[in-house]
Amino acid sequence: MTVNVSVVVGNPKPASRTLKVATALVEHLLDPGSFDLTLIDLADHEADIFAWPSEKMAALNASVAESDLAVFASPTYKATYTGLLKAFLDRYPANGLAGVVAIPLLTGADQTHSMGPTHSLAPLLAELGAIVPGRGLYFVASQMDRLDELVSAAAAEYRGNLSRLARVAAHAGTVEGVSR
Amino acid sequence: MTVNVSVVVGNPKPASRTLKVATALVEHLLDPGSFDLTLIDLADHEADIFAWPSEKMAALNASVAESDLAVFASPTYKATYTGLLKAFLDRYPANGLAGVVAIPLLTGADQTHSMGPTHSLAPLLAELGAIVPGRGLYFVASQMDRLDELVSAAAAEYRGNLSRLARVAAHAGTVEGVSR
Amino acid sequence: MTVNVSVVVGNPKPASRTLKVATALVEHLLDPGSFDLTLIDLADHEADIFAWPSEKMAALNASVAESDLAVFASPTYKATYTGLLKAFLDRYPANGLAGVVAIPLLTGADQTHSMGPTHSLAPLLAELGAIVPGRGLYFVASQMDRLDELVSAAAAEYRGNLSRLARVAAHAGTVEGVSR
Amino acid sequence: MTVNVSVVVGNPKPASRTLKVATALVEHLLDPGSFDLTLIDLADHEADIFAWPSEKMAALNASVAESDLAVFASPTYKATYTGLLKAFLDRYPANGLAGVVAIPLLTGADQTHSMGPTHSLAPLLAELGAIVPGRGLYFVASQMDRLDELVSAAAAEYRGNLSRLARVAAHAGTVEGVSR
């Protein structure tokens, strides 16, 4: 059995380094062959992002909401996520990402805004009901030559966190209807 | 096998309603008999909170850091956690709560500050390496007569989240040395 | 001599109540006849918000950056400003609102998100170099029948703040070249 | 006529570099001889910070609340202000710093937490009714040899901001009873 994974990239420019970091994180985090990956590069959907209603956007939103795991990635604009990523998330109703395990990821030019993922993007995802299993990931764009090393370390921290969470989960009372 | 649970209460007044809400949450979340509970009411330790070094405080800090699950609870002062709770957390070194599954809980007079647990206390705990498996819990103090109902609903949401996290954990690559 | 004032509204729907609250605030804050008002309803510019370059958008951005005072207003989406407003602000370079006195304003359904203007929109404007002379304003949309009363109270607080600021300004060392 | 200025330092260790940066900022910002400075080093008051009631603490709180300008300075602990500073601010009632022009200042080891003053300490002060006329100041402690240069630049930005604010103040409707 596999898990459904989404990567949502909020860079107004397509095929960005941010996208590359996000997909690398998924590959380092999950066992090969254990997941189906849906990649949503919002740069491809700028023309529809404010359209309402939009079957196309609704399908994208639903795809992410049905994921087991989703990485929400954006370059850092004005110390936080882009308006493009926020506009995509704005399309959800209250609690629209309930139950989705989510990893917030921001790329930036230097360490100045490294609080962004944990203090700004993570709370936004939690508002929507997503579950963020650890710190957000901040990646300094000039370190693309160390991509594997840095993403591997982040993935190891998330794996450790998931293992600790599973231990607590085993002692939490069973709830009817939450498994899928 | 049991899990170690801590409840840390940052109310300058002892035996507060905040303490009562926090312990009720643990009881609703975990199976009876499956956990050992350590309760730290910081009102009992105000005289030592800035002492450095302090064997007594170091023991309290270590006890929480070694927990599988910890609830960090505080009344809302100036829209966020109290200085007393922060002073306790300030005693940790960087990453001092690594691997602890943590639930942020604030009590308040009305809905005005209900963003506090998710937007302020949760990021603080994540900075220390704790893992926050969902939204923070905000409890309006005038609703003590509905304590069981409200805490039960919050516990059900956390249980659902933990179940979802365990599902992803099962597909994350194994890491040597993270289990305890 | 008059001051230049901008009102920027980030509601994806045009001519919103949010717009009405923002313009009412300006009218209560400044002396009649003492200001020139530019109103930018971003709902009218959705098709261009991600266009790059765009002479039209550049003119709008410049107009706000050259204002003495600007109100940035948005409905509350996911506990904070809309992606539409953020996308407009993302077009500025670093420090692009330097020296602009700015008032953050969010409208919302209830008090649940009342921390948004002060804790989320105000810091975003400060990142861009804008000067926020007080708390952000949160307006519960169901109180439109009390618009004048509530906005008048907010304007009085800002006027008091500006008076206090002017008093400190009189004792701050003179800087060459900052007056306009 | 002079203005009353307070410097409040939240470092648990007395006579810190943080204190030195804060007083240097006041000296660069205001004209010599134009202000009376009260310096509150909270390290000297740890034993009383949770005492309630306390005439001594009440006098300190009142002194700051009656200031025209106050600098609130703290080292960065866990990405934000210390528990000691928060505990001092917790002693105020709602709106307890109304009308005080306030500058948030954090010192830190590197740029990692540079969002703290603007995104965390400034909103806290605004919650209390203080008026923050610009970005918060973040000072990297290893740059003490450039203290005058860096603080001078920050002071120049605040002076420019105050000048812009005074310009808007001149067009804001007069309010009875706000001058002192």
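Per-chain numbering from 1; labels A, B, C and D assigned in written order.
Criterion: a residue touches a chain if its C-beta (ideal position, glycine included) is under 8 Å from a C-beta of that chain, and two chains touch if they have at least 3 such contacts.
These numbers were taken from a predicted model, which means no experiment stands behind them.
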Next item on the list: Identify the chains adjacent to both chain B and chain D in the sense defined at the top.
Entry: A, C
Notebook entry, point to check: Which pair, A-B or A-D, has more C-beta contacts?
Noted result: A-B
Checklist line | Cα-centroid distance, chain A relative to chain C, in whole angstrom | finding: 30
Note to self: Nearest whole angstrom, what separates the Cα centre of chain A from the Cα centre of chain D?
What the structure shows: 37
Next item on the list: Determine the centre-to-centre distance between chain A and chain B, using the mean Cα coordinates as centres, and give it in whole Å.
Entry: 25
Next item on the list: Spell out, as numbers or ranges, the residues of chain B touching 2 or more other chains.
Entry: 79, 119, 123, 127
Margin query: Considering only the defined contacts, which chain C positions touch chain A in the complex?
Written below: 12, 46-47, 49-50, 52, 77-90, 92, 123-124, 127-128
Notebook entry, point to check: Within the complex, which stretch of chain A touches chain D?
Noted result: 79, 110-116, 119-120
Item checked: Residues of chain B that touch chain A when the two form their complex -> 2-3, 28-31, 34-35, 68-69, 99-101, 118-119, 122-123, 126-127, 129, 131-136, 155-156, 158-175, 178-180
